[in-house]
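Pasting the structures in now, so scroll down.
Both of the next two complexes hold chain A, though its partner changes from chain B to chain C.
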Partner chain A sequence: MKRQRTWLYLLFWVVVSFLTLFPIYWLFVISVKPAVELFSTPEVILSSVYWKNYVDVINDETLRGYMMNSLVISTGNAVLVTVLGFLACYALSRFDLGGKESIFFWTITNRMAPPAVFLLPLFLLLTQVYKFGDFTLLDTKIGMILVYCTFNLPFAIWTLRPTIDGIPKELDEAAFVDGASAWTVITEIVLPLARPGLAVTLILTWVFAWNEYLLAATLTNFNARTLTTGLSEYVTTTGTEWGVMAAISMFTLVPALIVFSLVQRHIVAGLTFGAVKG
Partner chain B sequence: MQSNRLGWILLAPTLVILFFFGVVPFFYVLWLSFHQWNPFALDPAVVYNGADNFRALVFDNGFLASLGVTIAFVFFAVLTELIVGYLLAQAFMKEFPGKAVFRTIHTLPLIMAPIIVGSIWKLMTTPSIGIIPSLLASWFGFDLNIGTSAVAAFTVTVIMDVWHWTPLVTLTLIAALVSLPADPFEQAQIDGANKRQIFWHITLPMIAPALLATVFIRLMDALRTVDEVLMLTGGGPGSATRYLGVHIFKEVFPKTNYGYGSAVSIIVLYLTIVACWLLYVALIAPRNKKA
Partner chain C sequence: MAGVNIDDVYKRYGSVQVMHGVSIDIEDGEFVVLVGPSGCGKSTLLRMLAGLEPISDGTIKIGEKVVNEVLPKDRDIAMVFQSYALYPHKTVAQNIGFPLKMAKRPKAEIDEKVGRAAEILDLTKYLDRYPKALSGGQRQRVAMGRAIVRDPKVFLFDEPLSNLDAKLRVSMRMEIKELHQRLKTTIVYVTHDQIEAMTMADKIVVMRDGRVEQIGAPLDLYDNPQNVFVAGFIGSPSMNFVKGRIDGANGTRQFVSEGGLVLPLPAQASVAVGQEVIYGIRPEHISIGEGGVAMDVVVIEPTGSETQVFARSGTDLIDAVVKDRIAARPGEKIGFHIDLSRVHLFDGKTQQRL
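Here is the complex of A and B:
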């Protein structure tokens, strides 16, 4: 009886896993087919593998540039928000700042608003208001790094707060009594203890920035265009090149999956935005 | 204790960035929504026009259609995710070999970029390329064409959202189910309660806080779905899948009618807040009072 039940569960999960994995596998199938074979009857098992779509993507100078932009923007943004979030959480946790719980809650509300709402004002501010002489933040990597702070910085503060709160205050107080400076306390006492939390924050914010599309599509033209926008661009201009589109998708997907495997255990608490303790 | 000045200094960069990229855009868009401004029109000046933009909005059929399909989308997607997510979470409560592996596989879609999810489902469902239309045609003789059928396009966006986000519901409900005490269940079984009674009277009330938090997160996220739908259907056919975010991106933004566009943005933000607030008042607040 019991044995039979185990088999049923196994079978059930094999089916569910198949439903989860098949669409991803199908993306791969399309990415390794030449264009002429696509429109014959769709076949699930690959008879041959055709890598030319990937080669085309790598050889495309524009797409290579987009890939580089994505890498620079998401890495720059992840490092920035993790450092600033760390400092902000230290301030919120250790100092008796007036209205700090309101400040904490306010930072979170920045992430709740739908990004589509901010397309128009951000576009106008970046083109018309935030400019220094001839230099505007539109279509610059630094501009995108700052814009991505609106959703990643609240996230970093939200996930780092419990980590910093969990480090006993007595440790830094003892160091202050011994005459250490604030800088020494932060970098040599708090930072090493917060390292696991910082790593998870860094990786998740990196993925969020890497995956972002909507803001990049409206706030960049060429110089700071990211891989996700390159993907949609490719679809609308050349429409039918499904193989290349699938290959670009794979290039966007794989880094996120690799990074995901690094923090898989911590993912529940992170993705649910700390609302439900994992 | 250290002087508070240092605390403010450490907090300052965060506050400055969020001020310029979070607060200023909000007040700017609010201010613009009461003005008429189209820099490419004959009269490119910014002119105060009171509530005219909002008055126009009430009669804007494109906007109203978008609002309608958004509500339908959020309702069907979130409801399906809750039911499927709960069943999957229950199925994870038993011990069976390879559980960790299945759990990892199930979590995979969560980390994927929405635009990639859109691209995957486009490859799955586009006629003559996708596997789904060809299987449906050969097994049931059913013609699935998301380019021409509004119902098909809508259904596929819901299925796509369910595929993408059910794992989130599953994971949060697993966390809730694991932390339940065993006593009430044992007691109920001794008292001869059947499975359905146990679910309605014990399991559901006990996981309610986690369930509501999940509904909250999913509702907020579903309301702002853009990327994947933009990729899959581009909002079409007609306005069948032109959800609010897609509407802003495709219809409002390119028209350079910035005053009116601001009004649309403000209303979308307002509706999101109201939806969350209603949910809070209707479901979460009475519970807190009881407790």
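Here is the complex of A and C:
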């Protein structure tokens, strides 16, 4: 009986894994075929591998620039948002701020509408308001980092709040009595204990910025263009270069996997166990 | 080491006043216990002493220094929290050494002092463990280690034993008292358990509703409670109280309860005939034998070393604790002999001692 259940369990996860991973495999198949073979009879098992799409992508300086832009914008945004979110949550959690629950609620309101709604205001902000002489934030990496902050910071605050609230305030107090300054309490006590929450926030905000297309396509031209928008350049009037697009897509997966594997080990639950008796 | 002086301290949360002019003098090296029921303000007072809670009015001095505006880190105090508040991501050694690290002491000194504290508290084996791998009693000791390692002017304990089981509580009580005798540092200890207060304190401060009801040595409070609240709070089992008035019909003054129970009065009692009083007698100051005040047995609770007898007369219920074993059964008549030198009389209206 128990053995049968194990088999069912295994079968279930095999099916789920297949459904999840097959599109990625299919993407890989497309990326290693020459254009002429793409529209012939589909071939699930590869008989030969054609690496030229990858060579083209690697040799393309423009694409390498896009990749770098994506990395800088996503990482810069994720780090900034996580740091600011952490400090905001510490303040919301520990201090008696007037109307803090309202502040907390209203931070999320800009996630209640589709991002497209904010396109025009953001465009005007970047071109008309944040203007220093001839310099505008449009089509700059710093501009895009700030644009993503408007969406990711509320998200980070909402994700981190339960983590910070879950760290007993008595630990702060004990540290204060032990001679720690406010800054030491944050860095020595609260930060290490908030690590799982910070890791989750970092990953999710990174992925948001890495995958984002609409805002990047509208608010960048060339200098800050990201990999997702770069993809669209392969849809041309003369046809779509599916093989190259698939190879670029495979490349977009790699940094995401690296970031996930680096941060994942920090996501361990129950770290605060043993701090105070429940 | 230093004494503590709390002078006319008030605490308000908005328009709500929760502490009403509390004044307490604590001598250098004294073990003072703040005791009272939940919500009496004892923990708030301790937190104000620690600097974790601002005071609304009055002054708090540690040694000769007024600390009203001084941050907790600069007060040179150590505190043991009810929940222990150990840092879960630090080992026992790191937890104990944390105050020294904050004081930027050299590593060799930290190691040496942590080692010594661990030895005193029997924690040497556990120095590399994390708090989650310790039992409740061991965590409690780590919290104490963190407090003693820095040699503060004053120790503050906030109900440190309330999360331990009864047996461990008794042994930790002894350890804390022994520690005080060894270190001779001023201790301010908060508890709601009057037994802890009685057994540990040099001086007890009984609090209620943000006011000090009485300050005194444990046996002084036990023998001479200033009001009904202190009389009822100190001592276990609690003092018997019977409401009534003084009657002088037969030429001798005696106490008659609202339910008609007649109780003898000490000869020197300064009460007038007709005066409304509350008659107080501790269960251990009643003996059982022939004659005396006739009562009906309600329940008998033998604990082995002593027997508690609950008896009723009309609507008045009185309990007595005696060393002898009692053969009486519920419903039978029994004679209560009251030790007149131990009778406490309180004013029926003000509830203050007469």
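Heads up, the rule we're going with is that the second predicted complex is superposed on the first by the 227 of 278 C-alpha atoms of A that agree within 3 Å, B and C clash if a C-alpha of one lies under 4 Å from a C-alpha of the other, contacts with A are read in each partner's own complex, and residues count from 1 in each chain.
The working rule: a residue touches a chain if its C-beta (ideal position, glycine included) is under 8 Å from a C-beta of that chain, and two chains touch if they have at least 3 such contacts.
The structure displayed is predicted, hence computed values, not measured ones.
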item: Touch count on chain A, higher of chain B and chain C; value: B
item: Which of chain B and chain C A:176 touches, first, second, both or neither; value: both
item: Which superposed partner A:168 touches (first chain B, second chain C, both, neither); value: second
item: First (chain B), second (chain C), both or neither touched by A:85; value: first
item: First, second, both or neither for A:108, with chain B first and chain C second; value: neither
item: First (chain B), second (chain C), both or neither touched by A:6; value: first
item: Chain B versus chain C as contact partner of A:199, first or second or both or neither; value: neither
item: Chain B versus chain C as contact partner of A:41, first or second or both or neither; value: first
item: Chain B and chain C contact sites that coincide on chain A, given as residue numbers; value: 173, 176, 271-273, 275-277
item: Of all residues in chain A, those that touch chain C in their complex; value: 168, 170-171, 173-181, 184, 189, 192-193, 271-277
item: Touching residues (chain side chain A, partner chain B) in the complex; value: 5-6, 9-10, 12-13, 16-17, 19-21, 23-24, 26-27, 30, 38-39, 41-42, 44, 84-85, 87-88, 90-92, 94-97, 103, 107, 110, 112-125, 129-130, 146-147, 149-150, 153-154, 157, 173, 176, 182, 207, 210-214, 217-218, 228, 231-232, 235, 242, 245-246, 249, 252-253, 256-257, 259-260, 264, 267-268, 271-273, 275-278
item: Residues of chain B touching chain A in the complex; value: 1-2, 4, 6-8, 10-11, 13-15, 17-18, 20-22, 24-26, 28-29, 32, 88, 91, 94, 96-98, 102, 104-116, 119-121, 123-124, 126, 128-131, 134, 163, 167-168, 171-172, 175-176, 210, 213-214, 216-217, 220, 223-224, 226-227, 230-231, 244-245, 248-249, 252-253, 258, 261-262, 265-266, 268-269, 272, 276
item: Chain A partner contacts - residues on chain C that touch it in the complex; value: 50-52, 71-73, 77-79, 81, 83-89, 98-99, 102-103, 130-134, 136, 139, 146, 150, 156, 163
